[in-house]
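Scroll down for the structure; my scribbles are underneath it.
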Amino acid sequence: MQLEQMYQEIILDHYRNPHGSGLKEPYDAESFQINPTCGDEITLRVRLDGETVTDVSHETLGCSISQASASVLTDLVVGRSVGEAMKVLQAFQEMTQSRGTVEPDEDVLGDGVAFAGVAKYPARVKCALLSWMAFKDAISRSQEGAA
Amino acid sequence: MQLEQMYQEIILDHYRNPHGSGLKEPYDAESFQINPTCGDEITLRVRLDGETVTDVSHETLGCSISQASASVLTDLVVGRSVGEAMKVLQAFQEMTQSRGTVEPDEDVLGDGVAFAGVAKYPARVKCALLSWMAFKDAISRSQEGAA
Amino acid sequence: MKPAVALDVAKIRADFPVLHRTVRGGRPLVYLDSGATAQRPRQVVDAERSFLEQHNAAVHRGAHQLSEEATDAYESARARIAAFVGALPEQIVFTKNATEALNLVAYGMSNAATAGEDAARFVLGPGDEVVITELEHHSNLVPWQELCKRTGATLRWFPITDDGRIDLSQERITERTKVVAFAHQSNVLGSIAPVQELVRRAREVGALVVLDACQSVPHMPVDFAALDVDFAAFSGHKMLGPTGIGVLYGRSELLAALPPFLTGGSMIELVRMEETTFAPPPQRFEAGTPMSSQAVGLAAAVDYLSGIGMDAVHAHELELTRLALEGLSELPGVRIIGPSDLTDRGGAVSFVVDGIHAHDVGQVLDDRGVAIRVGHHCAWPLHRRFGVAATARATFAVYNTPEEVTALVEGVRAAQEFFGVA
Amino acid sequence: MKPAVALDVAKIRADFPVLHRTVRGGRPLVYLDSGATAQRPRQVVDAERSFLEQHNAAVHRGAHQLSEEATDAYESARARIAAFVGALPEQIVFTKNATEALNLVAYGMSNAATAGEDAARFVLGPGDEVVITELEHHSNLVPWQELCKRTGATLRWFPITDDGRIDLSQERITERTKVVAFAHQSNVLGSIAPVQELVRRAREVGALVVLDACQSVPHMPVDFAALDVDFAAFSGHKMLGPTGIGVLYGRSELLAALPPFLTGGSMIELVRMEETTFAPPPQRFEAGTPMSSQAVGLAAAVDYLSGIGMDAVHAHELELTRLALEGLSELPGVRIIGPSDLTDRGGAVSFVVDGIHAHDVGQVLDDRGVAIRVGHHCAWPLHRRFGVAATARATFAVYNTPEEVTALVEGVRAAQEFFGVA
């Protein structure tokens, strides 16, 4: 059974107890993203203090991978600067889109390394990335607002 | 060489000396027909006296088969009643569309039997029929006019 | 309901090379996604190949022998496909897929605005209505939304009942209705539409009936003339034929009056720089070089299906559907979206599993070699209607076996175990 | 001009089964109609077959292994085809043929009227002009006539000089011009258009440039980015690939702004009964189930041509053209329609024979096994321009030989003898 490659314990844990789940007030920017192939949806909010991401909350209608990914994202970006968070995002995206050719760096990705197995299932990569795309979009909206 | 099957001497004779060629006045009805695949054109006029076809004239821009066919048509229908002419038309059409399965009746078709070989070349059947379609159309126009 | 004559499925499967491959590290492939695209028997691939190796040339455009032969092959394909659906050859237009066929009708109608007298019956404008249903595939929904946008007409739709039927108690067809378009069989629910009743209501108000026959023609005997619809569309790739070919059926007098859609080579009568006139149907609707080898392939698919007999195909697939409905209903926490019995139903079985997203169900099945489809199956509004973002869907074809249905049911149970919801 | 590296034509011919058949009672086939449709090497047919036997499934729609593999094959095909014409994968839209690709642009433009702000640059109306040329194939003529009919814009065209060139001395591109569309290489005359000059003039007035590359991409190295055109279209079946697949190239920012054409499954972002939003390109323009195996086949054709090298292909075909022009010009009563030398020219050689209609010339050739095309070759206005109803046309591909050109010339002479005009 190769299933465990994709559904590592860490992922299943995050899926069962997602961090950041449930939309919170106040927030600085919000993004709504969908996966047109399967209809999965996420609404994600960020709260910033200057350059620091102080909070993330989300409501995810999706599979275990997209839910766990939103949870891991919350852990990885809250408390970081926007610049650092974007680096994590980039590393996460590279890993999941690499088809398994990129060795993930646990120092950067933390629990995110658990998604390395997803990289081998191209149809699921979008699930893993949905919350990250929402985060990216929310950040750029917050910056538009600020500018 | 199978060419002679299609280009029988009779056809080549009619092609070189086409009967009815050159548009004549007066006439009762005219039809313009084209073959959209090759651009060939015919303008054909009929003159009627009651139920009798008294004259046919035409200007044909086309290949040997379409020109010879217009010439043979002129011979076959002039002097006949419209009803008889339509029977000849029907026999001619059946023969040329038969892919060689219909044995032509020389009593009905006269020189028209020479077109039996054309039936084996489906792309040329339209050439052989162009003038006949013009004749049919002209007759039905003349009848509309009369009605 | 047992098949009258049981099919020799083992013999049929031998014709489909892909069914003998393994996936995910050695598991035999259980292909239950034929509703998305069916597999092709070697007879179809061989027919295309032998056409290409012997007769390939431009059809309807050449006077040399190869071109004559290619034209014959193409037109003979049209005649055989026409006969398969109760149509005349000249009522069959080849398109690239059913989606193009449906767009052809929708664009033909908006082009009617500038096409003169003959096309007047197709002209739509503000106040006119197009009626569809809430279960439509996007391909029989978005083209009508866009037609309405182009013309100012209004889109209306029949709601769907809880058991997955078109809710005829909610009348939508009125004097304003100009088009009624609906799926013969839902690609999600499997439910078969009450064609006769909808045609009757449409006729009463003089509306055109467009049938999306994508999921019916591949799976049961269908006769468009008997159904008395005006237009119908289906795709080759769902009926053991090639991709890249679809069919539009149209009643002769309607095709004769409908303005062209795609324009260019082969669909013309007379071309001048100033103005062009158009060929009669079906040529008028087949602009450019046609899908000649694909038409030959589709005709071979039709011959293959006819050889088995569409009654037998339908009976076989219904039996698999019965087994799937039965097996899945026995699992606690599994809910069928669509009719739970076999009345007016075909072989698409969609379901949700409590506590597991369809993607995850699909993944566990895939890991066991069972290929199903997960998501909204291009029927997003229908999924919203049932309050679900996604369903898992198994669809059947003539090459599927009862054992494969068992593998499906066991796979769903395994997913429940894996995610700890059973 | 001699090919730099002579091709091993015998080796190439071995890949094309159809070239080994005989016609008309035992005569070897001499296929000189590749400009209408080319033959396919076994590499192309094999690529499609092995896709079907191993990976066939719905692309972009499934999460099971087969569907992943099919999607990979489809997208890898897009990438290889893109590289072949100097484009990025996302600039390549698959259509059913070049005709659909050209219609896509024309309909995208008329749909701009109801598509909001982003599409404003595509909106045409009365006073605006679309400029084409008098040598266009119907597929690059009628869609623009129809676009003008739908929008109220005016169609204008460059005349053609006696030696078969676009007459640039007659200015047609003005401030009113919104689109300039023309054939890269004429399918009748063989003349290659002055792309750079036409692009320059179009840019000056801000008009879009649409290139009909049907007869260039199969026969010479073509780089759309370097040519700096906005859109371009070509067909699979003219370049050793399958029927049923064509390509639209578009500059990224234009594809991003162009409204959709065909609508339905796979091209959507979010669908509600009330309104639909659309996916980014290229998906936005690929409604319905795509031609997956045909894309795979076309990529194999591209690999095959790249293996030979497009410079070598072009040189080989030009050498055959030289021989044909030379041989035919030596026959009294034969007149070439198009440039009589090799400057800016490709391998389409059209001609008329005094006293013999093209159909009759073609028939005599066919009787000898030589397949050429006769008629107006879907360029009726061009034929009127030259005062002829029909021409005979020989076109060449990589598998043709000098001996076949000799057979052509001898066949024409035989026709003159048969009809007593020599």
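By letter and in written order, the chains are A, B, C and D; residue numbering begins at 1 in each of them.
We take it that a contact is a pair of C-beta atoms (placed from the backbone, for glycine too) under 8 Å apart; a residue touches a chain by one contact, two chains touch by 3 or more.
All of these numbers come straight from a predicted model, not from anything done at the bench.
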item: Of A-C and A-D, pair with higher C-beta contact tally; value: A-C
item: Chain located farthest away, centre of subunit C as origin (C-alpha); value: B
item: Whole-Å separation of chain centres (CA-atom averages), subunit A against subunit B; value: 77
item: Intercentroid distance (Cα basis), subunit C paired with subunit B, Å; value: 46
item: Centre distance in Å when subunit A and subunit C are each reduced to the mean of their C-alpha atoms; value: 37
item: Multi-partner residues of subunit B (each touching 2 or more other chains); value: 37-38, 121, 124
item: Touching two or more other chains - residues of subunit C; value: 24, 61-63, 67, 268, 270, 359, 363, 374-375, 380
item: Contact pairs between chains, per stated definition; value: A-C, A-D, B-C, B-D, C-D
item: Touching residues on subunit A, where the partner in the complex is subunit C; value: 1-3, 6-7, 12, 37-41, 61-65, 121, 124, 127
item: Interfacial residue positions of subunit D with respect to subunit C in the complex; value: 17-18, 21, 23-24, 29, 31, 33, 36-37, 39-40, 45, 48-49, 52-58, 61-67, 95-100, 102-103, 107, 111, 114, 134, 137-143, 145-146, 149-150, 155, 157, 235, 237, 242-246, 260, 262-268, 270-273, 275-276, 287-294, 359, 362-363, 365-366, 370-375, 378, 380-381, 384
item: List of subunit D residues in touch with subunit A within their complex; value: 60-63, 67-68, 71-72, 268-270, 279
item: Subunit B residues within the subunit C interface of the complex; value: 34, 36-38, 121-124
item: Subunit D to subunit B touching residues, read off their complex; value: 24-25, 356-360, 363-364, 367, 374-376, 380, 383, 389-390, 418-419
